[in-house]
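Take this structure, written in structure tokens, and hold onto it; I'll ask about it next.
Letters A, B, C and D mark the chains as written, and numbering starts fresh at 1 in each.
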Amino acid sequence: MSITSTEMMVVEAARHLAGVRNCFVGIGIPNLACSLAKRTVAPDLELIYESGVVGADPARLPLSIGDPSLVVGARSVTSMFDLFSLYLQRGLIDVAFLGAAQVDRNGSINTTVLGRYEKPEVRLPGSGGAVEIALNADRVFIIVNQSPRTFVEKLDFVTSPGHVGQRTGRGGGPAVVVTQLGTYRFVEGEMTLSSLHPGVTRDQVFDATAWKMAVDEGVVETDSPGQDELLALRSLDPDRVYLK
Amino acid sequence: MANSKVTSMREAIGSLVPDGSVVSIEGFTHLICFAAGHELIRQRKQDLTLCRLTPDIVADQLAAAGVISGLVFSWLGNPGVGSLHAVRRRIEGSDPRPLHLEEYSHFGMVARYTAGASGLPFFPLRSYRGSDLPRVNPRIVEIDDPYGGEPLYAVPPLNPDVSIVHVQRASAGGDAQVWGIPGCQKESAFAAGRVIVVCEEVVSDEVIRSDPNRTLIPGAIVDAVVVAPGGCHPSYAQGYYDRDNPFYLEWDVISRDSNLIDAWLEEWVYSLDDHAAYRTKLGAERWSALAPGDAFSAPVNYGNYA
Amino acid sequence: MANSKVTSMREAIGSLVPDGSVVSIEGFTHLICFAAGHELIRQRKQDLTLCRLTPDIVADQLAAAGVISGLVFSWLGNPGVGSLHAVRRRIEGSDPRPLHLEEYSHFGMVARYTAGASGLPFFPLRSYRGSDLPRVNPRIVEIDDPYGGEPLYAVPPLNPDVSIVHVQRASAGGDAQVWGIPGCQKESAFAAGRVIVVCEEVVSDEVIRSDPNRTLIPGAIVDAVVVAPGGCHPSYAQGYYDRDNPFYLEWDVISRDSNLIDAWLEEWVYSLDDHAAYRTKLGAERWSALAPGDAFSAPVNYGNYA
Amino acid sequence: MSITSTEMMVVEAARHLAGVRNCFVGIGIPNLACSLAKRTVAPDLELIYESGVVGADPARLPLSIGDPSLVVGARSVTSMFDLFSLYLQRGLIDVAFLGAAQVDRNGSINTTVLGRYEKPEVRLPGSGGAVEIALNADRVFIIVNQSPRTFVEKLDFVTSPGHVGQRTGRGGGPAVVVTQLGTYRFVEGEMTLSSLHPGVTRDQVFDATAWKMAVDEGVVETDSPGQDELLALRSLDPDRVYLK
């Protein structure tokens, strides 16, 4: 089976979790990336969910962040007050994953509306815990499909701030962005291409970005997924619910 | 039992949830009380404001049925699937009528319930700085650190008129115990003026009192106890039944077409007397497919000090 | 086990509690870790500040032994009996040396730990108005309600250098479970820079994971796990042993006379290698008199969703 | 056996709990009064302790507010944060008991020091939860032995405010004071003698009060303990730990 771009994204995200301990997990690709990392580069990774589950060890692929299989056999299951207060706001979260409908060059994220807030063209889910995560996690990983509609010059709404002037608090903000085209880091607060996935050209990246994407001088090609990585990953989602 | 608060869903909703009420139905992915939501629809309640971190299918149904005129929330969607199309029609096109939104983040909502449950006039949190949320919701305000540190934000207390809380087991007096994801059920109950506990099963006081640390809500703040096994379907009750994921996918199709929603509401809510009828209509096969195996907690010994 | 944090009390106290540390030993009447207090005395620690809502006999012993130079507290006494005479001598007569006091109320202390555990710069509470406490403790400050209601008070976060938490059972990795009175053990642990978990028994990960709602403290914040059965004597551990009330009465006599305290410390702490020796010295008869009968919690079913 | 003054105090305190639901209990006399009331005038009384125990049903006489027998068979056992936040500060406590080393005419209480705070003659326990209880319970019952040393003109230290100008918050403040001599209510914030225990004269009350005690015009003699009250009470403390 050929390697899908989703598989590339998951494998690449997992690699950046090397050595990480406490990870705030989202459902779908982040969950697969964390589960893969736990089996490869981060054996001590603790899966923490905003639903209040700490140290999950799910016996099946969870289909929501509150899946009952996340609870069974977890280390601890707490109230959301405790999860957001004692873990996230306290500064215990090393890495947290966020998705985005729109992201800008500073890693600020919109998950609230397309168009005007008062009368949106598309009403999106909103923050959930994203704004707290963006401001309190040590490092934020953003997983998003890259296109001129998602990598925009100006967000319709700032749900979760990235590297912007007002940013304060203990969180370090966005650290890594992984898309189907490449991986990005932040240099002085600006998103910067650091590696291109196999077969992807810089022009494809520029065409998929509404602003002039900065490029790291040491930009490299992302290593393709190894056999071991692929086998482990595909065993995590045998029905390819998320690997489609 | 002398102090029994056990009653029917019809009676509890009818007497404790007047039109225009601010109603909290919490349960984070877990213990979402669809049985109460359907009874609100069945009784054709009007102008309710729904407080819920994650308005999901139950909110889409309440919005489509014209029961709710407002939402106080932090995340809006069909979890793991996509959009709430009935809610979106009301927000994006006022179709058939507008839906008022008061929007926070998860921690903001939890902090609002916590302030309301604690008799505090506000709750402080390290959030919102740099976000547009305070711009569109003036109730989210910046406050100073009295000890001279950097400013932070505050949210006001949330005190619903009534909170509907689904739990696994409760005594007839309303002492309620939950395991699995507790979400913010406790805070929403203590914050509310009235509390309806809906349970999978009523148990004896002795069962409750055998494990007092497990009690999430004391009977002292509970007004009614309703027994509604399976009342969280299509969401789940830890140890009792699984989430009915196919239904979440089906709803994505249904909710795109208001005619399909009306037909669904007619078939599954209006034409049924109560949740017991819904449970029967779903059928034994569906329920057995959702039944988990056993995984019991290791007991603890409180000791006999008599 | 790969990630075992199990070590001896000598090693844990020796390596994690340097002289001058701010140390929290909580446990509200329940799970008071005398075993750790005695090891602090045995190692002749100096200049410690003890944070504890209710400094009681363990505080009197630490004060008499010259281990502590300050208290952060809310209630001072021998519960149900009377005074802490060694502590009173130091406060009333600087005998043999002064003891610095930073005084709050119970809710004030709990709020301080909660702020410290939550990364908040302060915690608001409806207390202190009309009391002299803010006059003698300038860290208790009046704050405004940002929504225009009446002013209330705030206390600053309390973040001990190390928190020592006694629990009934823990995994080798430090996941700790408690039943009975939890006090503010959880908040004191999350607030601390380092955490020592002392347990009645180490259990397998499977036992902990069979009831994740019971976990009070996750291994992620724990630095050392010490096994010290009976380590709360003369206080108690729910389901394991009862409070030794005669000892609380005996201490009232002992603590009135510094020579008697010195003799007691010599006999029961300095001359013993560790808490195991203390346990043995107390004798089987004393322990059997403190043993409760059984009263097990009704199990709950988390379900198997594999 | 003749009736002791302690028995009189407990029985009288219990009578004032008629119909009460949620009571914040202290150890000793308050615990006996609440247990007696539960068997007589307040069958629905819920015993709530600052230790976090709600709806206790102790199988033995508890010797501390955290006695393990209070936990076994209780309705709920919570953290102190929840007890003080969700119960007391939320306003769920109907009646709470406080003791006192000194009390003044407004029902303000000192349990902190005798003498100067900075260098006390006698260091007392301090507030514990008393100041929160005084400000947040609907009604406060004060149980104290009355003498010129305890009923003082001016407190050495105000630990818990009574009916004083600054008083705010949802609590109603001190409502009833029971001593070995009589029972007192508050009229416009001032402690006022409302009943004299059998055999006690007004002069005894005046002699035992450092200020000029106000006297209710309708002052009556306290009913002596009935046989049923005494039997129930003595069965609660058969070893007379607190009834001495």
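We adopt the following convention: a contact is a pair of C-beta atoms (placed from the backbone, for glycine too) under 8 Å apart; a residue touches a chain by one contact, two chains touch by 3 or more.
Since we're looking at a predicted model, the values are computed, not measured.
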item	value
Interchain centroid distance [CA atoms averaged], chain A/chain B, Å	28
Whole-Å separation of chain centres (CA-atom averages), chain B against chain D	40
Junction residues of chain D, two or more chains touched	53, 67-68, 71-73, 77, 89, 136, 170
Multi-chain contact sites of chain B, meaning residues that touch two or more partners	114, 119-120, 125-126, 150, 180, 182, 186, 210, 213, 238, 242, 292, 295, 302-306
Chain-level touch network, classified as line, ring, star, complete or other	other
Full enumeration of touching chain pairs	A-B, A-C, B-C, B-D, C-D
Chain C residues touching chain D - in the complex, by the definition given at the top	28-30, 53-54, 73-77, 79-80, 83, 87-88, 91-92, 103-107, 110-111, 114, 125-133, 136, 150, 180-184, 186-187, 236, 238, 242-243, 245, 292, 295
Complex interface listing, chain C residues touching chain A	3, 114, 117-120, 175, 186, 190, 208-210, 212-213, 215, 218-221, 302-306
Chain B partner contacts - residues on chain A that touch it in the complex	27-28, 50-53, 63-68, 71-73, 77-81, 84, 88-89, 108, 112, 117-123, 125-132, 135-136, 157-161, 164, 166-170
In the complex with chain B, residue positions of chain D that touch it	21-22, 44, 46, 53-55, 57, 59-60, 67-69, 71-77, 82, 85-86, 89-92, 136, 170
Residue numbers on chain C that touch chain B, as the complex places them	119-126, 141, 143, 145-147, 149-150, 152, 154, 156, 168, 177, 179-180, 182, 207, 210-211, 213-214, 238-240, 242, 292-306
